[in-house]
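Two complexes, one shared chain (subunit A), two partners (subunit B, subunit C).
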Partner chain A sequence: MPETLRLVPRRLAAGVLVLWGAATLAFLALHLVPGDVVDTVLGPGTAATPALREQIRLDYGLGDPLAVQYLRQLADLAHGDLGRSYQLGLPVSQVLEGQVAPTVELALTATALALLIAFAAAVLTAGRGRVVRSLASGLELLAVSVPSYWLGILGLTFLSYRFGLLPAAGDSGPAALLLPALTLALPIGGVLARVVRQELDEASGRPFALTVRARGGTERTLLLRHTLRHAALPVATLSGWIVGSLLGGAVLTETVFARPGLGRVLVTAVTSKDVPVVTALVLLSAAAFVVVNLLVDLAYPVIDPRLRGAGTGVAV
Partner chain B sequence: MPTRRSFLLLSAGSLAAVGLTACSSTSGGTSGSGGAPRDGGTLTFSTDVEPDVYDPHVSPADIVGVLLRNVFDSLVAQRSDGTFEPWLAKEWEVSKDGKAYSFRLREDVTFTDGTPFDAEAVKANFEHVVAPATKSQYAATLIGPYDRTEVTGAHSLTVHLRKPYASFLHALSTTYLGFHSPKALREHPGELAAGGRYSVGTGPFTFTSRVKGQKLVFTRNGAYAWTPESAENQGPAHIRQLVVTFLPENATRVGAVTSGQTDVADFLPANRIATLKKQPGLSVLSHDSPGVVYQYFLNTGRAPFDERDARLAVRAAVDTEAITKAVFAGQYRRAWGPLSPSTPAYAKSPEDSWSYDPDRAGELLDGLGWTGRDADGYRTKGGKRFSLTLLYVPAYTKAERRTFDTAVQDALKKVGVELKLNPLDAGSYTPVRNRGEYDIIAFAWGGSDPDLLRTVFHSKSQLADGGANGSRLHDATIDGWLDEAGATSDPARRTELYGKVQQRIVAQAYTVPAFVGTRQLGVRQRAHGVTFDASAWPLFQGAWVDA
Partner chain C sequence: MSALAQVAGRGARLGMPVAPALAALVLALWAVAVAAPGLLVAADPDATDVVAALRPPGGAHPFGTDELGRDVLSRVVHGARLSLTIGFGATALGVAGGLLLGLLAASGGRRLDQLVMRVQDVLLAFPELLLALLVVTVVGSGTGNVLVAIGVAAVPTYARLVRGQALTVIRSGYVEAAAALGVRRPLVVVRHVLPNVAGPLLVLATIGTGTTVISGSALSFLGLGAAPPAAEWGAMLSDGREFLATAWWTATFPGLAIVSVVLSVTVLGRHLQGRSTRGEGRP
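What follows is the complex of A and B.
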């Protein structure tokens, strides 16, 4: 698929622009909201002397005009220097080190679980009677609507404290990953299941389904080789939304389950206006979006043969 | 689906504890007896929020003082009665003018990296505290009018102050003026904030590892032989390891201790105490936190609280006792004055000196001319509503305090006074507060030194100048007493003066005292010997666990 591959450098160039935009927006958002960065860094509870404020302003270059600060930050970022956290007094790279892996681990497990839940639910209920489908649809709606931190606390209360089946908190191996990943996966799985089922129902009424049936193919063959493929397409399209949900959900899940990770770092950094850390996290998530979208674009022709060799490829 | 807003709300609850400053404490209280101490094993302690910075010279956070007490020792120790005893300093002497403190240090103390503890180490640490580049948010204030350290021998030194400072020994007794190994100061000045192996002290434990956002591991220092005399365990720690985990959600933390996944849980929520006390295999340890209690500081710098009757009226309108009982499920006591009863020099006389009396509040307000009523039932004078503003920062305000504030709002409404609770983010709050554009702010300030009264009520401790004078007080009488108390080294005279200050604050109704904070720990049956220090902070040096 050389046509498809040809778009990689172009997309990567666009990705750099996205990153630049993200860094700029983060910078503006943090500096334009009212309030002095020094005050936010110190928080309301410290009795800071004017001398201490001055020292902080000086050390982090907060006294310079915004344009100077912005250009300095861009220059540092271009050199791969993420700066030093205002709040933690450490290089940002050191702050994030060790936090990326647990979040990625959680996100990947949650994605796998969400896909499993979605496809299992959809396959088991598609084309069934109204009662089964309404029931499934109701459960999905519930999974989507229930706040995930509440779900997490409920899971902890029963599975961990009451019956002692799973460890409660921390990052101590696969068993400790299951509950948080499930908490994160359920709402996403709920949405995907609805999408997949609808697609399955629609696809099974299309002419190609009739052809397969006429050829003597079983319903199983129809499902596995044909309609599921159709259903995979909208799921791929939703992957940007999934990444967003995972990042947002990680914040809550990591807090409830006391897992290390980027979500918890982000909450503290945003609350304390820790500009360098927030910028680094915004860049990281923007990069994740760029990469995921690129991978999805590359995956479209694999999922849907109609998209192969369509010249510029990737139309969706 | 979690929205951005829902996670920020959640974070507000969980972060509330971390921001507010320093210390809290009382005395006495040990977890379960249970026979002779046993050596070995691991004790797990779960608290709520991980500190940002692990350098006690920089951080103002209470939790840093608690956790790093295991790693850093002090020159002197504060006993539970508020007096001081030798620790790393064998003896000390204060000059007649109160401006020079001479110490003779123990000679057998070494840092866990092998560096000997000596006068040069003390000097290097004090210089690190006051260096502008350290950007100390608390220790530099605590060390007060520090001028310089004069090394007079390998193990003797004199600290010179610019003026007398009676709280100097208390300051020295805190973790915030503990001692890093000079080698760490020299080799890793940029990494002291990271904790873990960079935190090297002389304490009963070494800081073995830190997994960010998750847990800390402290390992027993087998060579430890320099506890203060009053410590029950006169030697190395019993437990081999102390593991600290961070569980920000109350439900998670309580669940962890009830199910035995942790041995000691910090900050039990008040509404769960009654149930937890009945739980088999679990005991609840509590300790009143000393210091300035949670109270409403009335801005005396502008109308209406520049008039005493207005302050008295508002105080009489609030049923502190009933609100405290309701908000904290009967677990906390109401406060009578600016200080917590467990603070040294606490004055008993304000107790029962004022009471909830809405009728009297009404009379006082009538007397001030607030006799009209508007459509909403609020009092007016000359067509203007009696309306007050309370500033707060949601991200740093615990849920129960917000509930308390709302109850005060209701109480004031009953006497026709409007209280607007005005939420601001930290960055907008500070300048507005520093300019005095509020009627009320509310906070607590922990610490086991009555000189906190200076930080909170002296006219020179205005918020904009790095103090915490929430009432924007300029009371020459109080200033005079505080100045004298700060300069005198006679303990009886100090107690008397601080007592007068407390009485006057209550008589003038500069604040509306709310409740006495209490630190409550849930302790599993297998854990013993966890004690509280003078600040109501849990200590682990004497703790042991069943096999």
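What follows is the complex of A and C.
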């Protein structure tokens, strides 16, 4: 796929541009927060000598002109240095260390569940009668209308506390992962199911479907070899959105289920005005978005052979 | 609830007016709750009664009572004011910001367009909830700030839509004709561009209100929005969470309230969407 590979540098440049913008935004946020950073570092009600305040100022590099601080922050970021927490006095990377794995584990499980739900629901209902389809679209509507964190609360109330089916909280094995991942997955699965079903329905009405049927291909062959491939395209396009939903959802899911992870760290940081931690997490989410979109761009020609020769790639 | 959803789903599919009408009715009821909650419930939402704490639904308290003996039904009805102000207010802010930026980008020349669009690209790379959390970190917590944060986070989505629609109109023949006739640019925007942008914008804003209502309650749930003892759905969910093991009703009913609003605006939005696409001659 030389055509696709030729596009990579341009996509990379666009991604770097977005990240540079995100870093600038993070820098702005850092300096727009009203009040003295030194007070935040010291914590409420702590008195300090002017000498100590000056020391903190120097430690965080706050004495330099803004332009110098900005360039230094960009340089640090380029080296993978995410800054230093106000509250803990530690490098942000150290604060996030150990919190990444639980969130990634949750997000990956939720993605798998969401895809499973979406494709299962779509395959079971596409091309079916009116009753099945309206039932499915009603359930999809419900799935996207229910706040996922409330779903988690309901799950805890009824599945864990009332009937004792699943563990209530903590991070102990696959059973404890199931309920959080499911609550995170349902709204995403609802959106995807709708998209996949529409695509399956549309694809099965196209001439190529008629050709497959005329050749004596079964509906199963048509689905597995042809129409599902069509349905995979819009799902790939939505990947960036999925990543965003997972990260936003993780903030709430981890809080509801008292799970460790980046979401919990973010909530704590927002509450205590630990801006470097907040900006680092927001930057990381933007980076994840950029990387996923880049991968999706590369995956399009794999999914859809028609895009292999087209030099311009696909408009998203 | 699922029966309602089923009816709603079928209605949205067939274009039957039943589901949208039902949705409008639910929203009208909530509008009454916002404007005059006293008309719907008699009980004081803040009156505590420790003797009657955590009573299950029934009798004088159809939705039960919370840990301080406050009437949950009354708090759900009164909570509409804060919850819906945040949700609808944030959407209004997002739409206003989106209109401004989108129109500016579309009609202000290439340079400006490029600049606005590159900024949008950056902002669209952030999940909306994280962007809102970043804004809350900067401006601080509280109901008003949460409204602003969610509204700001929604701006890029609307700006992108407005710009796209506006560009189509601006490049059309009749705008060229208007320009040739000497009609000034601002008047063109008001007379020709705005009416064409309004339809799709209304559809997106209606569906988007579902998202902002959920985000608003989510931020309050995280303790960043309405402060206790104010009645607000997200905050009530957060309180009720402490008593899940013993009192399911405290966290169930505020959630149902959120779902009823989100479901209604989504059904209504999809109905409007279906009507506008049919109007353009598409299936």
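Keep in mind that, in the parts below, the second predicted complex is superposed on the first by the 265 of 316 C-alpha atoms of A that agree within 3 Å, B and C clash if a C-alpha of one lies under 4 Å from a C-alpha of the other, contacts with A are read in each partner's own complex, and residues count from 1 in each chain.
The criterion applied here is as follows: a contact is a pair of C-beta atoms (placed from the backbone, for glycine too) under 8 Å apart; a residue touches a chain by one contact, two chains touch by 3 or more.
Just so it is clear, the structure is predicted and the values come from calculations on it, not from any experiment.
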Check your understanding: Touching A:Leu17, do we find subunit B (first), subunit C (second), both, or neither?
Key -> second
Check: Touch check for A:Ala299: first (subunit B), second (subunit C), both, or neither?
Finding: neither
Practice prompt. Considering only touches as defined above, state whether A:Val100 meets subunit B (first), subunit C (second), both or neither.
Written response: neither
- Which partner does A:Val291 contact after superposing on A: first (subunit B), second (subunit C), both, neither? neither
Check your understanding: Now for A:Leu247: first (subunit B), second (subunit C), both, or neither, which partner does it touch?
Key -> second
| request: Have a look at where A:Leu74 lands relative to subunit B and subunit C in the superposition and call it first, second, both or neither. | output: neither
Which partner does A:Leu135 reach: the first (subunit B), the second (subunit C), both, or neither? second
### Query
What is the contact status of A:Gly261 with respect to subunit B (first) and subunit C (second): first, second, both, or neither?
first
Query - Touching partner for A:Val37 - first (subunit B), second (subunit C), both, neither - result: first
Where subunit B and subunit C land on the same part of subunit A: residues 33, 144-145, 147, 149, 153, 156-157, 161, 245, 248, 251-252, 255-256, 267, 270-271, 273
Touching subunit C in the complex, subunit A uses residues 14, 17-18, 21-22, 25, 29, 32-33, 130, 133-142, 144-147, 149-150, 153-154, 156-158, 161-162, 240, 243-245, 247-248, 251-252, 255-256, 266-267, 269-271, 273, 275, 278-279, 281-282, 285-286, 289-290
Residue positions on subunit A within touch of subunit B in the complex are 33-37, 39-40, 42-52, 55-56, 59, 87-90, 94-95, 98-99, 144-145, 147-149, 153, 156-157, 160-161, 164, 167-171, 187, 245, 248-249, 251-252, 254-261, 264-265, 267-268, 270-273
So, in the complex, the side of subunit C touching subunit A is made of residues 1-2, 5-10, 12-13, 118-119, 121-123, 125-131, 133-134, 136-138, 141, 210, 214, 217-218, 221-224, 237, 240-241, 244-245, 248, 251-252, 255, 258-259, 262-263, 266-267
Within their complex, subunit B touches subunit A through residues 1-4, 6-8, 10-11, 14-15, 19-21, 52-53, 55, 58, 60, 132-133, 135-138, 140-141, 190-191, 193-194, 211-215, 245-249, 251-252, 255-256, 258-259, 261, 393, 395-396, 425-431, 433, 443, 455, 461, 463-468
